[in-house]
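See below for the structure under consideration.
Residue numbering begins at 1 within each chain, and the chains themselves are lettered A, B, C, D, E and F in the order written.
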Amino acid sequence: MSGFRSVLRRELRLALAGGSDMLTLVLFFVIVGAIVPFAVGPDRQLLARIAPGIVWIAAFLSMLLGLDRLFRPDREDGTLTLYRLAELPLAAAIAAKVIAHWLTAALPLILASPFLAMILAMDEPTFWRTLASLALGTPALAAFGTFGAAVTAATRRGGLLAPILIAPLSVPVLIFGVGAISPLGGPDQAAAAMLFLAALSLMALALSPFASALAIGWGEE
Amino acid sequence: MSGFRSVLRRELRLALAGGSDMLTLVLFFVIVGAIVPFAVGPDRQLLARIAPGIVWIAAFLSMLLGLDRLFRPDREDGTLTLYRLAELPLAAAIAAKVIAHWLTAALPLILASPFLAMILAMDEPTFWRTLASLALGTPALAAFGTFGAAVTAATRRGGLLAPILIAPLSVPVLIFGVGAISPLGGPDQAAAAMLFLAALSLMALALSPFASALAIGWGEE
Amino acid sequence: MTQRQVFPRLFLRTSDLACGRGGMVLARNLALAVAPGTGLLLRGPNGAGKSTLLLTLAGLLPPLAGTIEIEGHDPEAGKILHHCGHRNAVRARLGVAETLKFWAAINGATGMPAGAALERVGLGRLARLDAAYLSAGQQRRLALARLLVSRRPLWLLDEPSAALDAEGQALLGSLLEEHFAAGGLAVIATHDAIAADGLATLTLGGAA
Amino acid sequence: MTQRQVFPRLFLRTSDLACGRGGMVLARNLALAVAPGTGLLLRGPNGAGKSTLLLTLAGLLPPLAGTIEIEGHDPEAGKILHHCGHRNAVRARLGVAETLKFWAAINGATGMPAGAALERVGLGRLARLDAAYLSAGQQRRLALARLLVSRRPLWLLDEPSAALDAEGQALLGSLLEEHFAAGGLAVIATHDAIAADGLATLTLGGAA
Amino acid sequence: MIELGQHAAFIVLAYAGVFLGVAALVLWTVFDGRRTSARLEALSDPKSR
Amino acid sequence: MTIETTPKMSWWNRLAHPGQFMAWTRPLIWPLAILTLALFLAGLWFAFFASPADYQMGDTVRIMYVHVPTAWLGQFIYATMAVSALGTLVWRHPLADVSMKAAAPMGAAFTAMALFTGSMWGRPTWGTFWEWDGRMTSTLILLFIYLGIVALWRAFDDQLRAARVVAAFTLVGAINVPIIKFSVDWWSTLHQPASVFTPEGPKMPFSILLPLFLMFFAFTFLFATLQLVAMHTEIRRRRVMTLERRAARGDAR
């Protein structure tokens, strides 16, 4: 499937050539994390307690930021029309976009999370679990987000629309993402949450390209 | 200055004509706030403590997400070129844009903040201070944001510049905004923060149109 | 020039076709018939519905009534048409050759290699430039090169000659003639004269 | 037609002008001279630098060398030129008349009223339509109407006839002739023939 | 009117809120229906254009 | 196609034609409205004058008569929309998207009323207007989903194109709503073991159940009436939009 790889390469090229998008996301991720200590005060224990939640919120919001770039430029310059007439099925092109979105909007955050963990006084075991839950949960966010962007691609003004459609639907990801880290419900609860997260991600990844392709086909022009 | 009024009217028309845009913005703000408890847990005391931070981050994020539509559409369809050749000075047009941006992206948030305050278990004095700090601080965010958007619009590739420029400028707004609410450093600290916020807003509002006009003028084509 | 008749013999036929935008009918009772190796020029005043008809033929807009048939087409063989609209699908930050290779990859690289296609449309020397830096006519040429890198029998072109210089117009004509010689079909909406043989003309009616 | 010579007598003169993009010189040693009531057609192959020259004359790009002078121009009197580029500055969600009135407001409503200008370019009946629904040629007509609502002596037009139908081309010609009759100037980059008197031609050289 | 006990204010508020909500919904539905019908009438009447 | 030329028209086909649908359902509106009004009057009378205060909750139990019906409608209307969405996508029923569009703002309104009455109930019972309890929280999320759908409808210019896209989103939402409910319940039990709602349905005395049922049906019929009227309005609005576009183009054909 060289078409699939080409779409992936193109998306990555565009994200990296621009540069700023990725940097903005990471910067935003860190800012959200860093502003919380100002709000709660320097109580290390409290910070450590809410740290997993903060990291997840930061990741969640940062990923929403990048949604508009997913389809809108392609739609405006006519590339989306090309995709619809391409040999490569639209769903495959969108699958490549989901992957690229994850690579450019989630992976950098995961890489930046040690820094946040440090600011938020997270202990080491928690940090590793945070990393694992981010790695398992962000694909679901990317998949949901892609669907949201696809649904709003045909509207003339996107911007905030995709985030508000997607955020309520992604609440389970957030809940289980944090649940998989925090030791509140005991280790088996955490393990269950982790499993559930993985299941959600797999399901979302599998369905999102098709659902998005349908939405784009129905909405366009 | 009928040109100034026309730009203002056009911007408001475009923001409102979509209809959903304002609703979307307010929803986004509320959703961001409402999602935090899922991450940090529904502990009312904890929520009340971080509520100012949450409200400010939600406002910051909402305003950030709206930035892209400030100049990019105008640039892409050629309207920006028209502005540069117009009888109306570019800085005046941009001043109208700053005002419109504040009216459509900040005012609705301030109006929606009571709801957020309720679900985040904010007490009443804190709520009033939040309102005041939002009212004083968001103009600065709008002004800085406009400048950032102008720089991004002007440099087609060096988009890297924009977030790096705005982040250091807007983080102080965020920090003082939160500082003006949460009584960490005592009431006189809060008053000082409030004053600083007001000063920042005034300065930013006064300078931003000119700086943005220069940035756009320098950006070629 | 390649050997004659590389494409299967296709006929494009519509019967009783009506097309329009947003529930509004712009053209009705259209009975087009395009034979292999020929083209159809769509003419008509601004707003007559030429672009709309092309989108409908491409399957991007649903027809309001009637049918579009492509006889002799084997659905297994993949997509058969190129649509080349007002917008060139050219993105800043990607190089000229890179852009073309991307299109070749998603449409199937069944035609010329990208380098040769760029030479053919006269962009050989600009292969490595950022595609957004191209002038209006050069971007149009790049869009034409897309038709060459993936071989498809039916071309739907919307004002292909816009912004092209005299040499570009000649280029367009010769591209079309080669395409016809290979048994291809084309439907072209334009206000200019197109210098190619085998073109019939259909004029869409009147709303100014 | 209005009385002759409404504009002050202006001369557009460049001496030794060089223009280009991104450090690359596209044209050098240009000595244009456009007298009141006349126009200059810029011709040349794609990528020759016609659009670049127009942007330079408009002051939107810095000249690489040489000077642009407009003799007889009183700087107090406001902007003297209209630039009409490839893009039409037409935005979705704003009505046709509304768009035109906006331009009149920011450029100064010194010309025709908006309604009359729309009639003139043949969009009178579409005044209340969402401007993004206009077809390519109709959008171009709307952009031409912008030249009419604010009276400025120098018009810089970049492929004004793109997407215009035959009637639209005639309209463009007559708009230009009226403009010249009133003492206006124009510099026009185009690949088409323009049906107006008083046009000289400058061909820009080579890069394909 | 019956005694509503110590929390009368909340009960009254709840019912008032629901009443306002329902009233707004009903009024809007009726108004929107009337407005649309009128517009349709005006548009399909050939003389009024 | 006129009615005479159509050989046999089932009720389904009749409903499939907007004009037929309007003609067939218009006579239903007034009876429905009157029934609704009667139910409301009876329900309110029982709610305030003919039912006792609860032995536990005191008079605040009377809030239940508006709270439970609105909360029920909040969920029921989503189900209506999901079925309509299937109608749009699977059966291509021309009225399904009209129904879908008409229902969305009403769903949002009733959900908002449920939240409001719930918090009016919460203040005397728990001392706060808002508690992050599982059921309340998932109702809040439902409200967000409704408002998102309303915003999505409004973001499209072309309602016919919008219909299928919104239908796709509504269905994805419908798949998601149970997951959300489950996860929010999991989350709230994680933090606060005891649920605030004790299932007291069966234990309720008849004197409370009667007004509850009356109000329940009153609200449901209110929705049915409003939905019907709103669907008629929406059908007319589409004609208006077509005519307006045509007029804006100067009536060319």
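Rule of thumb we're sticking to: contacts are C-beta pairs under 8 Å (C-beta built on N, C-alpha and C of every residue); 3 or more make two chains touch, one makes a residue touch a chain.
Just so we're clear, the structure is a prediction, and the values are computed from it rather than from any experiment.
Without chain F, contacts among the remaining chains split them into A, B, C, D | E. Among the other chains, D has the CA centre that is most remote from the centre of chain F.
Between the chains A-B lie more C-beta contact pairs than between any other two chains. The mean-CA centres of chain B and chain C are about 45 angstrom from one another, to the nearest whole unit. If you average the Cα atoms of chain E and of chain F, the two centres end up 16 Å apart. Computed centre separation for the pair chain D/chain E is 54 angstrom, with centres defined by C-alpha atoms. For this pair, chain A with chain B, the centres built from the Cα atoms lie 24 Å apart. Annotation for chain E: no residues touch 2 or more other chains. For chain D, the set of residues that touch two or more other chains comprises 21-22, 86, 93, 125.
Counting partners per residue, chain F has 144, 147-148, 151-152, 155, 157, 184, 187, 191, 245, 249-250 as the residues that reach two or more other chains.
Within the complex, the chain F residues that touch chain A are 141, 144-145, 147-148, 151-152, 155-157, 161-162, 164-165, 168-169, 172-173, 176, 179-180, 182-184, 186-187, 190-191.
Residues 18-20, 23-24, 27, 30-31, 34, 37-38, 41-44, 118-119, 121 of chain B are the ones touching chain F in the complex.
Note for the complex: chain E touches chain F at residues 1-8, 10-11, 13-15, 17-18, 21-22, 24-26, 29-30, 32-33, 36-37, 39-40, 43-44, 49.
Note for the complex: chain F touches chain B at residues 128-132, 137, 140, 144, 147-148, 150-152, 154-155, 184, 187-188, 191-192.
Residues 2-3, 5-7, 10, 13-14, 17-18, 73, 76-79, 81-88, 93, 220-221 of chain B touch chain D in their complex.
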